[in-house]
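In what comes next, subunit A is part of two complexes: it sits with subunit B in the first one and with subunit C in the second one.
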Partner chain A sequence: MNREAMTPLIEVVDLKKYYPVRGGIIPHTTGWVRAVDGVSFSVMRAQTLGLVGESGCGKSTIGRQLVGLESPTEGSIFYDGRDLAALQKKPEEMRQIRTKLQMIFQDPYSSLNPRKHIYEILAQPMLYHGISQKDTVRRDIRKLLNMVGLPETVLGRYPHEFSGGQRQRIGIAKALSLNPEFIVCDEPVSALDVSIQAQILNLLKELQKELKLTLLFVGHGLGAVNYVSDRIAVMYLGRIVEYGDARDIFVHPAHPYTQALLDAVPIPDPGEKDKPRRLLEGEIGSNINPPAGCRFHPRCPYALPLCRTQEPQMQKIPSGKTALAAGEHYAACPYCSNIKEKE
Partner chain B sequence: MPHLLEVHNLTTAFTGDYGTHTTVDHIDFYVDQGEVVCIVGESGCGKSVTSLSIMGLLGRGGAVTDGSVFFAGKNILSMTEQELDRIRGNELTMIFQDPLTSLNPLFTIGNQITESIRAHTDLTRKEAKERAVDLLAQVGMPEAQEAMKKYPHTLSGGMRQRAMIAMALSCDPKLLIADEPTTALDVTIQAQIMGLLNQLRRERNMSMILITHDIGLVANMADRVLVMYAGQIIEEGNADELFANPRHPYTKALLNTVPSIRDSADRKLQAIPGMVPERYDDIAGCRFADRCPHRTGACDGPQLLYSFGKGQAARCVVAANGHDRGETP
Partner chain C sequence: MKKNRIDEKNKKPPGTDLAGESYLHMVFRRFRRHHLAAVSLIVLGVIVCAALLSPVIAPYEPNEIAGPFAQAPSRDFWLGTDQIGRDMFSRLLYATRISLLVGVMATAISTVIGVLLGLVAGYFGGLADMIIMRFTDMVMSFPYILLVLVAAAIFRPGLWNIILILGFVDWPGIARLVRGNVLGLRETNFVKGSLVAGMPLRHILFSEILPNTVAPILVYATSVLALSILDEAALSFLGQGVQPPTASLGNMLNGAQSLTVLTKQPWLWLPPGLVIVCIVIAINFIGDALRDALDPNGGR
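The block that comes next holds the complex of A and B.
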């Protein structure tokens, strides 16, 4: 691992996003949905951070905030050392930085204009941002298509004429067209068939290597996240509960939630059919009134009285047996090191 | 002993504006008492249409054009609607991917379960109600008595699926067809639901057909596996055998293309080039040939299911020839 890889491109500090809940006879704000509630992490240059968690944990909201589709309620996002909130007042600089932050969506169909053919979809942003000129744009687009593995004949066709996998390739080409440094991939393979998933995952990995891209990979398919990620952040109800080197977390999960999450994933091997699993009881709580103390305590098999009152802080976990160079591993559970010993 | 469900040569076609397409093409399989059979394949391979054909729920434009389906010795394809209604929802039931679209939004959960019990038994209203509460408790619905009064939209996805399972089990079915029952659910809830289905089917010695695209679930649940591709069964076998020794190139590729949480950092996923053909009923030869790395001239003719012993069979002439010579392609 070289030095460059160890400097963060994106730093997120105490990020929060609350949405108002309106109700009552005379509509007024009756409460707040705490979609993201105090999250800090960094994404290293040319690496992939996988953000995992169940629906409603706030992982997609973080992704949307990072590319500027939502503004944070509180907290800051630093891109290459510059605070994005401060840049809002400088539209010209912001416009430039926006080209560097791109996004790939779960359903590429709803992010492609159905009335425009692929050439227009790809050419317009490139011309607008001055990435390409009128006389060179066709050549640049051809290069893009080549990169994502599409034939040139697609240019005159409309989004509805493509299969899911091809549409996702177009979505990737669109994200790449502005020479970004950082791409948020929001569940990019969840809507695709398994045989197509591998094509897209491999494509993302190759492109990352070739173009030195920094990726945030949001997903609930843990196998796919494991495949692409260098580091992982596990979220539960708007908070990160575990953060660290991907292999370390997948092999030695420390937080009880991460353990249960990994145990719930069916392993494609009939030999493991009857292995004992730690199954979670109950369902993910509400993020309007999140449980006091540790947010996971109502479902936690190891919860102690203290967990109900005291909000746990992130603490360093002594790396597992596979301690790697980047093996920094944190979990927000004061007891998880004891739990490990018990087993 | 005769099989509980026997499907012979089942062929289903849909007629639309673009003509008639055969989406399920001469399917043969059986399900024994107490057995879990998984049908696995990608979208559009005909796995759901197979189950809808068995249940007689094809809807407009769809029709079974050939074959027979014997359930407990009777051909259900030749039954009238009334005769079918006596079996369907009673001995033979189905749960779907999205419980919200299969529950009536205007009636409470309790109302709907009670109704299905009363339609198939001669219990009184009160007895049916007691049975419904009992069922809801069995499927792990918290506060079953209270849940009876709830409307579907007030329940979470996992709880809705539990209500659907309670309804499906209300008449002690012999066979449950579960069509992607957990695809819309989070992974921890999926583990709860699959654990529940497994426990209930063991208690009742119920058979199950599980339709899924999740290879992990297949490995976890299946006694036997049917792999479908483009409307045909291209491989079948016992789960252990099929995972250890897949014969058809598609099955092999499918098993190699799935990322697992156990993978090490240096694993490279094997992608299957190309995509599933959209119109496959006019392909004369092997339907996977265009994407297959082992294609030979012999693949252009119609492919039979070749037996590999121990109940395993694959629709691949190359694998069959290699097997005869003791090689694997």
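The block that comes next holds the complex of A and C.
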């Protein structure tokens, strides 16, 4: 890929999302759930960024903020260099940009209105935004269905008549119908059968290439995320702990958390069953009172006394030794290069 | 791109009407399994038809003094005559018409109010929700019949006033029901998807959310309809409802306040009473069957 031509389409700067915790006899805010706590990254044009982490690490919250379903507590989101928060004041421009940022939902069973047939589901937004006219909308929808691999006969039917995989295809068609540039895929395959997962992932990959889409792929399975992503960001408790080229991270994970995540992926090979694995113990920490210092230290097999007090900063992993390509690879663990050497 | 993976067996020609029918078909099939409701539907149908066609069916004008006072049923007067010689059968037909009109209109008004308030409270939440729901609680906690009586006393009793009064006191139940449903629907992915697609508020409220709560509203509305008809009867019986000479089922019962009528002239109160009972029971059975037929989790 031509690295010079790469420019970021989405830039996220120090994004935070806190939810109030209310309690007490007279309800008042007793604390904050720090779902997302200072996250910065950028998604390059026509590339896919994978966002991985355990449930509750804040990855879906980031996705929802990017498409405007939730507003950030702090920090900013730039789309094509324009601050989305500032655009809120210009409803006309906002309306246009809204259509450029779309979302594919995790649960295909609840993402389609059960009372509408597929034609209505697909046509209404297109007609409202003037993307298609009354006399051309059928043709445009046919094109969309063709792209996601569904026959035209689905149009007169209701969502309950379809299987999960077919519904997810309709969901993808719905997201594509507004000619978006950026799509948040919020765990689009985790509710599907394994055999269907591969189909949907392939479809997403093909479409991404064909339409030059920019994707944020949120998921908790490293395998699926790695398959579709160009870059990966690993999240733990509202922070990004490692960020870099997908291949790099998969082959040479630097952060102990990423290593544990990778080791948790089952290997379908009986010969490998005795291979030592670093499996995590304990639960993901509370994001009301996140652990001091490095948030991962209570579960980290390599934790040092300093980890309890000092919050690690993102630092570049020296290329050559760990990184395959000359691409960027960052991890928020000051000791990870030593860990590598110890082994 | 890949070929279609849709099951070819279930293929249906494209178009909107066919699939829409299949949903109604399913509802109809499930409804028919309730025999009581099917019978009720027929009974109600007959009553409604008779009421609508009363000018054609009725042998006399409802307010015309057509024969002797308080005569027992005979060939000329099928249900006898009342104390001033009007034909009871003709009056019964017209009274049913009025009572059904009151019931339907009052239900329509309260449904519209309840749905709108419920949508706003459920969707926007926060302060709007608090204000609307506390107001709803207030209306609900009032002794119902007293409120209606006071309202009837302030505004002159009359057909349209009764309709408005009943319409304005019956909505809290519907508002609560709709609010509860909207609270759940607001969080669904298809509503979120519509938001992401930048659809306007009216589309989200009336095209995405409302169609998904029509079934419970319909079921609830049947019980409101039955209640409105009963309330009209009660009010008119007390003399605060539809005013004579206009006949309604309630004010026809009014005559049954004296002991002689009750014991000696059953044709004056038995038919209107029976019609009320039939209508209310039929509506309630239909409502029950509708609840089952429209239940999305009811299977088959």
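Criterion: the second predicted complex is superposed on the first by the 333 of 343 C-alpha atoms of A that agree within 3 Å, B and C clash if a C-alpha of one lies under 4 Å from a C-alpha of the other, contacts with A are read in each partner's own complex, and residues count from 1 in each chain.
Convention: a contact is a pair of C-beta atoms (placed from the backbone, for glycine too) under 8 Å apart; a residue touches a chain by one contact, two chains touch by 3 or more.
Everything numeric here is computed off the predicted structure, so don't read it as measured data.
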Partners on subunit A (subunit B, subunit C) - clash or fit: fit
Touching partner for A:227 - first (subunit B), second (subunit C), both, neither: first
Which of subunit B and subunit C A:264 touches, first, second, both or neither: first
Partner chain(s) touched by A:68 [first = subunit B, second = subunit C, both, neither]: second
Subunit B versus subunit C as contact partner of A:155, first or second or both or neither: second
Spatial angle subunit C-subunit A-subunit B, Cα centroids [nearest 10 degrees]: 80
Subunit B versus subunit C as contact partner of A:303, first or second or both or neither: neither
Partner chain in contact with A:198 - subunit B first, subunit C second, else both or neither: first
Partner chain in contact with A:114 - subunit B first, subunit C second, else both or neither: second
Gap in Å between nearest CA atoms once subunit C and subunit B share a frame through chain A: 5
Residues on subunit A lying within both footprints (that of subunit B and that of subunit C): 165
Of all residues in subunit B, those that touch subunit A in their complex: 42-43, 156, 158-159, 186-192, 194-195, 213-222, 239-240, 243, 253-255, 257-265, 267-273, 275-276
Complex contacts: residues of subunit C adjacent to subunit A: 1-6, 10-20, 23, 188-190, 192-200, 203, 207-208, 211-212, 296
Residues of subunit A touching subunit B in the complex: 54-55, 163, 165, 193-199, 201-202, 220-224, 226-227, 246-247, 250, 260-273, 277, 279-280, 283-284
Complex interface listing, subunit A residues touching subunit C: 67-69, 95, 98-99, 101-103, 105-107, 110-117, 119-120, 124-125, 128-129, 146-158, 161, 165-166, 171, 174, 178, 206
